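Sharing a structure below in structure tokens format, with a few things to ask.
Per-chain residue numbering starts at 1, and chain names A, B, C, D and E are given in the order in which the chains are listed.
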Amino acid sequence: MSALTDDTLPASPRAVRDEMIVFVIMAALLVIVPWTGIYPFFVMQALCFALLACAFNLLIGYGGLLSFGHAMFLGTAGYLTAHALKVWGLSPELGILFGTAGAAALGVITGYVSIRRQGIYFSMITLALSQLLFFVYLQTPFTHGEDGIQGIPQGYLFGIFNLAKPTTLYYVVLIGFLGGFLVIYRTINSPFGEVLKAIRENEPRAISLGYKTDQYKLLAFILSGTLAGFAGSLKVFVAQNASLTDVHWTMSGEVVLMTLVGGLGTVFGPVVGAFVIIAMQQYLAGFGQWVTVIQGVIFVTCVLTFRRGLIGEIAHFFRRSL
Amino acid sequence: MQALYAQLLVGLINGSFYALLSLGLAVIFGMLNIINFAHGALYMMGAFCAYFLLNLTGLGYWPALIIAPIVVGIFGMILERTMLQWLAGLDHLYGLLLTFGIALIVQGVFQNYFGSSGLPYAIPDELKGGMNLGFMFLPIYRGWVVVFSLVVCLATWYLIEKTRLGAYLRAATENPTLVRAFGINVPRMITLTYGLGVGLAALAGVLSAPINQVRPLMGADLIIVVFAVVVIGGMGSIMGSIITGFALGVIEGLTKYFYPEASNTVVFVLMVLVLLVKPTGLTGRAA
Amino acid sequence: MGEVCLADEFILETHGLTKEFAGFFAVRDVALKVRRGSIHALIGPNGAGKTTCFNLLTKFLKPSAGQILYKGQDITALAPADVARLGLVRSFQISAVFPHLTALENVRVALQRQHGSSFDFWRSKSVLDRFNGRARELLNDVGLSEFADTPAVEMPYGRKRALEIATTLALDPEMMLLDEPMAGMGHEDIDKVAALIKRISAKYTILMVEHNLNVVANLSDTITVLTRGQVLAEGNYAELSKDERVKEAYLGAGHD
Amino acid sequence: MAEAPAKTGATPVLSVQNLEAWYGESHILHGINFNVNAGEVVTLLGRNGAGKTTTLKSVVGIIGKRTGSIRFDNVDITRASSDKIARMGVAFCPEERGIFASLDVRENLLLPPIVRPGGLSLDQIFELFPNLKERLNSQGTKLSGGEQQMLAIARILRTGARFLMLDEPTEGLAPVIIQQIGHTIARLKSEGFTILLVEQNFRFASTVADRYYIVEHGKVIDGFANSELQANMDKLHTYLGV
Amino acid sequence: MKQKISALLFGTALAFCASAAVAQDKNIKIGVLTDNSGLYSDLGGVGSTLAAQMAIEDSGLAAKGWKIDLISADHQNKPDIATTIARQWIDVEKVDILMDVLNSGVGLAVNNVVKEKNSIMINTGAATSDLTNAQCTPNTIHWVYDTYMLANSTGQALVKAGGDTWYFLTADYAFGAALERDTTAVIVKSGGKVLGSVKHPLNSSDFSSFLLQAQASKAKIVGLANAGGDTTNSIKQASEFGIVAGGQKLAGLLLFVTDVHSLGLKVAQGLNFTETFYWDLNDGTRAFSKRFSDRMKNKAQPSMVQAGVYSGLIHYFKTLEAMGGNVHDGAKVVAKMKELPTDDPLFGKGSIRVDGRKLHPAYLFEVKKPEESKGPWDYYKLIGTTPADQAFRPLSESACPLVKK
């Protein structure tokens, strides 16, 4: 199962230092975005997807599990947050909390089911579960079916920050993203992350050392789902709507694509991949019909020639861990 | 009660498609260890192939039943030769990702050229009309689909379980290296097997063309249901995937009768239940 | 009470242990008794069922029939991880390390399990540094000090086996099951590992499968000979080397 | 290195020079040299993990990376694919026997394709292994270990290949079965088959072999004829660790 | 996305003359936000962009010194992509008006952005009647059709024609339920009866069991309260089960000429449904459609969504001309558009109501038999017209806050 990320290097102190430097550069670049003339909503959307891709990557890159249903967390949290804000009038922070908690609960249930199989079966099961959820959301009244939940009030975060102001919203989303990113980074480099890596590397050996590997995989699944849900909750404030597209399986496919393009099992790959794919969707939208074809071509090219992804190739070239 | 019989029979029709598709997936999985995500797209190509044969060459339904699977099968073999074979020795998940990409490309290209609402394809004259079975009105074409796909499934089963070629195939599934060391060109067999599995999908496509609009996305959602069927049945045995396919079609049909709201989700719910009770699937070998 | 006494004397016992693969009996009706504190070797020609037996004892395979008692407790139905937690830890026939972790990290993974905090995803892994001292000690014990920061994948084969043993020792098990610890090693490595096993046997009970009869002769207190899935004979090396049945099983049908 | 004396005038059917082979990342063979002449039974002896099986697998082309030279019937097959090698007349019977569970005995028996005329007919095979005839319709893996070994040997006799490679055919078998296999090998030899045998059981090997090569650490370190066996007994004990 | 058509001709010279008067801004930027790649690309897509381009050319504004830019983009039927594009268009590209925006989810999402940014949307593609009901805004005009109108026209006209018993095949989600609910109300009001309905899941490939139930109900009309692939597949399979041949009629509640085209007359014959535009309606529509299809890659006739883009822009240009320049104030322009009567060759004379609803007649069509069709795209015969003032939801039932009661 470890072949997907076989050439990862062991995390040395140097690697940690490299990663911290890149993180600071990344954060600095993101902080100055509102002054660069780059359209902030584009960056906000990309940030949400970047967080989603990072959460996905936690599972595949460090747990060896390829989920083909991560859209279900994004969408579920989105719907819950949207509903909480619009119908119950909850404050933004409570809305985010509610959505994220919902995704966590979903992670517990779906994880319990899907963790029973591995490899391709795991992928197919997560895909099927997300499709099941898609149909549920299509029929449940509170999601308003195809129309989605629209016109969601952005409100004041902690009663202070007006999220209707793009710059304020941008920094809130940015802080959310960086926070989520650090949580993932910490998870990877935690005692738990060590065990996870060990399981990915050699599961029978980990079992023989007394680890109940299913429990670790389940926790990784739940964490990944929760963070994906957090991304979904943030996204509600950016898009101001929650719709079926966020739970559709094509969205799950896009997340896989983002991570693959950036580099499976790399720390920064998913972020880069998300920006590349979102930029492509926005700025190549003129190719119109060809967007899906281009995505397909990227998939095929990545798998055949470019398996390490952008960041993975760079890291490999410099023999660094990124 | 009459309606119930009718639903049972109707369920068998969907079951036919599930069976043909999951059978193809199982055959491919056995030899290539790849879950062919492009299966839905190739199913769609089969239907389009029938449409082109009719509109470009004037060849009707019956020739299409033979030609379309061959054409799409050859396309599949080209895919295998040019792309899939390079994945040998890599993690199985790469196969899933690659075929997912292929599915996106194929569906996207067809959508560009043929729009999304689809193209018409008529039921062949010989199979028009219906029969009153006393308890239901059975369109002859549907009866034909059930019978024909059952025959194809059983023929495939016979080919794999009872013939010499099938013996090569089963042996190569177990231990390709050794089979090759006996002098059998296993890579070529793998290519042919992929062609066969893909051909089965295309055949299902031709069968469905007169019932469903010939649309670029006709296979996209169907394939996910078939995945669930595969998870439920496991991919251990050929017969297992045939039986599970038909059985789930029937169960879905019954759900449409008793609780139509759930008919979309019943297969997935069943999948969850089966996983909780028997994680390897009903007939599956351990992964 | 007799039973308790038995459990005291024998740390591991099996009764009627059987494993059938689709009609083929890989292990049949094996009764094994491993004395506490001893080195017990399981030998036999290729295909005799040693590794299967091994996998049954560590629960990586489910027995078709029979019972396994560890310290008097029935562990037949336990999961592999639970068996390990009881202090019965195995090694693998092919070296089993975590290839992209350094030697130190390999050992630490084992230490970490014992001392909790393995689910702590919110803490920095620097909390694991407190295990470094013990990990280095263990690496030192097996002669791997200079490899501490080398990824396991880059270590020579013999060193990987040593690393595996160090990792197993890190769990401080009561009993170790070693599956062909010398397989694929050169003479120098064999001697080192043999010495290592001898040394650790002072603290642990060891059950090992081994082909190299020299090693078995030097190390083992008790030897069980398996052929075709069944116990052929048991005793110490001196006794067994005189046993005609054993000779025949090992050396074949020919006569000297 | 002592080269085993070859029968004078015989042409080597198989000639292996400086063979190195890798299994994934690990370098298993470090230079294997040996010849097998027509009509001979040659045995590779050695400890577990010495590289005997890898040598056979290299000859039949199923080891990923190999260098050096392997010539069969004077054709270089070092880099040929295994199906081509098999079609040239190299038959391989693997250590784990390779009986296919999803095939019945008949299918297992008929699996390897005929590569050239002159193979044994089914009747001849049943004469050699009467057990098989009775069990034709059983599932392959339902056979006993001995029967499986017989089936594994029987199926490569059909193909017409005159060069057989048998990897530890006696492993895990009862003495009476081992004897039977010994008789079979002797019979095949008398019918002109050339056989390359891998054995740990050198008592058994001594009943059939013409010559021996000793393999250790991926190298052939010694070789002698059957007549020199007694003289080499001490050496053998050291090499094999028995 | 930047398919720019700069229509600046005599611009500079004329602008110079005009500058003597009040310096008025004569720049317009139009954004066509549509589905270029997905399910609805046949309805809108490149055809919508073409229609917009034709409107610009036909307006003759370029000759009067106006500079009109046109950009288009694919929203991929994703509300989040659509809102990001819409925001960026309005904020960065300074787009004045968004056209098409088909797909109800996308339409509603963009509706909010347009209101927030005080821009304009003329929606010609979304089906949801919420755009001019509960979610109406001073910035949005809903041009072509909505679910209420479809239900109303089809239900009313068919009951009048004797189809007084109905059975529904309803897509099992909010959209289908709304269609069924609205149609049922009309049927009952017109003196008809609904015998029953069956809900089918979205994207069903198999409708046989539902059709069997419809057949068993013996209702005169089988109403299809679904959309897209579900509608075409149920029609196709209804023909297979001999529903129309057996004397029942099929009524599609949301169907377009492109669907009939893709089904073929053999299967679609006898089908009833409502549209507000058909290329072969009168000389005006024929002339436009001829020019349109000549410029389409596949020679397709315009759909009502595409026709709506043309018609809507023509009215928008007329309004700006009347205002003497572009004030870049969405609500103000829309208010003016509501004041002025509409008139164009495609939809005839009409008006825009205070809630943003564009009013025009609705036509009930029946699909011809293959032998009645005289050529490609000759599909419909007109069997009933609902006048503009009766076709849409009356203001008295409106939940739109703009409507003062």
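By our rule, a residue touches a chain if its C-beta (ideal position, glycine included) is under 8 Å from a C-beta of that chain, and two chains touch if they have at least 3 such contacts.
Note that the structure is a prediction, hence the values are computed from the model and not measured.
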| item | value |
| --- | --- |
| Co-neighbours of chain E and chain C - touch as defined | A |
| Furthest chain, CA centroid comparison against chain C | E |
| Separation of chain B from chain C, taking each centre as the mean of its C-alpha atoms, in whole Å | 48 |
| Between chain B and chain E, centroid-to-centroid distance (C-alpha), Å | 38 |
| Chain centre separation in whole Å, for chain B relative to chain A (CA means) | 32 |
| Distance between the centres, which are taken as Cα means, of chain D and chain A, whole angstrom | 55 |
| Residue list for chain D, restricted to those that touch at least two other chains | 101 |
| Junction residues of chain B - those touching two or more other chains | 108, 111-112, 221, 261, 264-265 |
| Pairs of chains in contact (touch as defined earlier), listed by label | A-B, A-C, A-E, B-D, B-E, C-D |
| In the complex with chain E, residue positions of chain A that touch it | 39, 41-42, 45, 135, 138-139, 141, 144-148, 150-151, 235, 238-241, 243-246, 281-283, 285-286, 288-292 |
| Chain E - residues contacting chain A, complex | 1-3, 36-37, 41, 45-46, 72-81, 83-85, 87-88, 91-92, 103-105, 108-109, 111-113, 128, 130, 135, 172-175, 201-202 |
| Contacting residues of chain B [partner chain D, same complex] | 164, 167-168, 170-171, 173-175, 177-186 |
| Complex contacts: residues of chain C adjacent to chain A | 58, 60, 79-82, 84-85, 89-92, 96-102, 105, 108-110, 112-114, 117-125, 127-128, 149, 151, 167-168, 171 |
| Touching residues (chain side chain A, partner chain B) in the complex | 1, 3-4, 66, 68, 113-114, 116-121, 123-125, 127-129, 131-132, 135-136, 139, 249, 253, 256, 260, 289-293, 295-300, 302-304, 307 |
